[in-house]
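One structure is given below, represented as structure tokens, and several questions about it will come after.
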């Protein structure tokens, strides 16, 4: 177990910079998830940590040592690939013990490590089978077993759950979390699925176009996104962005959506948004979970308004509603028995205590 | 929550870090080193053919440095290219090869289509049978075939020995199985949805073959054609057995039997003849190398 | 019994009527069309491969003038001839040695071509495949000239290192070496191209996993490359064994079987005996002797392939 540091890491392919200067410090035992859309550079960064790609600029340190030129086999890392990369001609046991056999570990030691890892991953009966006889989920467990058995300084996961079906993904997510609780190895995990990021990570690194947009705990990213990209990437369904402007009415600041709709700002926000020019074009960022059906009693910061619903999606435990405000499609989550119907009006409530204001031009969260 | 107790009881290695860039540099150096050595090994004979072909007989017998031409001349080339006999050989080879290629494709393509797309009684047996015919080499068949054709010649009066057109019947046994195999591979890689779309669009089986399969599998067709041509052109045993009169000979046999008269070897001319004989496949190879290679590997990697 | 017979004839009558109308539908059925499309292939193989093969067996049982049936007499005669056993021995040594070297050289060259950057690969691959493109008969002529007793270019070069002139085709043992060398020269590029294609089909991720697991370059070859290539190696080896075993061109042109029959293999000796010696049945017997040996090799290798099946 060891810490991983990335200092101004750059990756260049011919003229194009896929990774443009990443600074990241991962503490010992930490589970860090690199998340972002395809092409954002997260896999490239992971592969540079693994030594599978050359580093064009900057330094990568594992356990305090600079490993830029060190071949993967000397970095003391283990990797779980998206396509499992199991050796098809070896049994599960041989797959898992390959690294140890290469380093000439004593047979007894190899056996005890395999047994322990197999028990942890619940693959004990599969130990003598070949990969082609296993299902996708089983193969992924074997790939993890191969990594665990080596007891490396760092675990690297490259989108390991992308090839599994939805149900299996949920199951494996829990398995991975359990393994990390037991083994506590520093882990760098790459995924494009923000749900995996939120559920597995100690800290999440959101990447876009080769740069880091924000680093933080899942809660921090959810409640305090720094940019529009992060705000829209984290959380599903995604945050709503409604064009608006700040104005003052009778000395009190409010946010105006349209001619008919304006919400007074909650007290806490009023102070924060005091300095913003009232002429700036802004976006009101509000998550669907904070737009619900209006309730009988009022609470501070919660404002009601009327909307005509375009489409409703009954999900069973809630109903997603879609309507239009100022040209923007807005999503909300209401109780299934709130009476939401396609095309019908509904009285909604928005919880402005959880609002965000963004500058439409810069995308920064204010 | 128990922490996993995998202690580092394994042998601890002295942490000697390798260097990726250094390893890669050395790997490249070794690669090029060996590649040059093998290139020299593989290319020496053809280059030597070229060198010798530019020498006069005098220079050859003078036994000066064999690896260099001191007085280059084109007399060997002119001599052969103006020799009716040599041109006859070339013509025979060309005719035979072109016909054989056509015959081969006419047999292979429909057969491959049938075997890869349609189920019929015995199709699997035939598939393995095609593969197994390669286990029966030509050197086993040349004697019975010789006898068979002699017998047919006696019985029907159709002269089958010592005629170049006999080769048109025999060569396909060498080319058809492998070409069929190549085409099966290419046809099999065309998704079934294309067939179904064609069926819905109203095409008959024949139209599906000619309008969809053949255009889509064109690289395979080209590869098979090149293979059939190369094999036909290079044949030595069958023409040696079945053709004996000078005007019936194809290139390989012609060069060897006529240019080597008794104990006198005119090496300048022989090498020129050999080079000219090797030219057509080489030229095709130079321009269509990728199809050539695709034809070879299609059999193995898809089979 | 009589009424049973009457009934069956009545049903037979209606059956023939039904059959005639269904004849047309049979012709239009997919399987019939398919069969017709494959028919030329079937006819070709049946008449020009399978029939001659059996005819060869028949021929081998006749006497020299092909008038009498003498059973295994030809084989008895062959078994007593020392030349025959020489041919058997030489064919086997020739085939096995050549194939081993071709496979090894092919693998090594493929490995190095695979290692260099992609842009250069095409160029090198093109150069290295040349021996296979040139008709073997033509290139053997070049080797014949290179081995010439008086003017050998090799001997000329070797003389600078003080190595005496080598009788490439004159001495029995050197002649064997030369024949095998030319065969390797012609055949190695085929192995190279096959192995190169196979090398490219091994998923990169397996190498990456092995690199992370701690394997160095030869461990990667041994544990990842070779196992993944087992099927290709088996198939190419089988093909090459057959082709090399049955080789004719190279030996015929280079040594014509000499000196003293020390380079004769089945094909060239069968030609000498059968065509040049006008003893067709004896020639057929010689060629036939290849079959059991080839069959054994084929069975071993094919069994190995099907046993492991597809492991991907």
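Points to keep in mind about this one:
Read from first to last, the chains carry the letters A, B and C; within each, the first residue is number 1.
Keep in mind that, in the parts below, a contact is a pair of C-beta atoms (placed from the backbone, for glycine too) under 8 Å apart; a residue touches a chain by one contact, two chains touch by 3 or more.
Computed from a predicted model, the values in this text were never measured in an experiment.
Comparing the centres of all chains, each the average of its CA atoms, the largest separation from chain C belongs to A. Ranked by the number of C-beta pairs in contact, the top chain pair here is B-C. Centre-to-centre separation of chain A and chain C, using mean CA positions: 58 Å. Distance between chain B and chain C, defined via averaged C-alpha coordinates, is recorded as 14 Å. Counting partners per residue, chain B has no residue that reaches two or more other chains. Touching of two or more other chains is recorded for residues 51, 71, 73, 103 of chain A.
Contact residues of chain B toward chain C in the complex are 27-28, 30-32, 34-35, 38-39, 41-46, 48-49, 52, 60, 63, 65-67, 106-108, 110-111, 113-115, 117-123, 126, 129-130, 133-148, 169-170, 172-173, 176-177, 180, 205, 230, 233-234, 236-237, 240-241, 251-253, 255-256, 265, 267, 270-271, 274-275, 277-278, 281-282, 285-286, 289, 292-293, 296-297, 300-301, 303. Listed in rising order, the residues of chain A touching chain C in the complex are 50-52, 71-73, 77-79, 81, 83, 85-89, 98-99, 102-103, 130, 132, 146, 150. Contacts from chain A toward chain B in the complex involve residues 51, 54, 67, 69-71, 73-74, 100, 103-106, 109, 113, 116, 120, 148-149, 151, 181-184.
Within the complex, the chain B residues that touch chain A are 1-4, 6, 8-11, 13, 15-23. On the side of chain C, the complex with chain A involves touching residues 203, 205-206, 208-216, 219, 223-224, 227-228, 230, 310-312.
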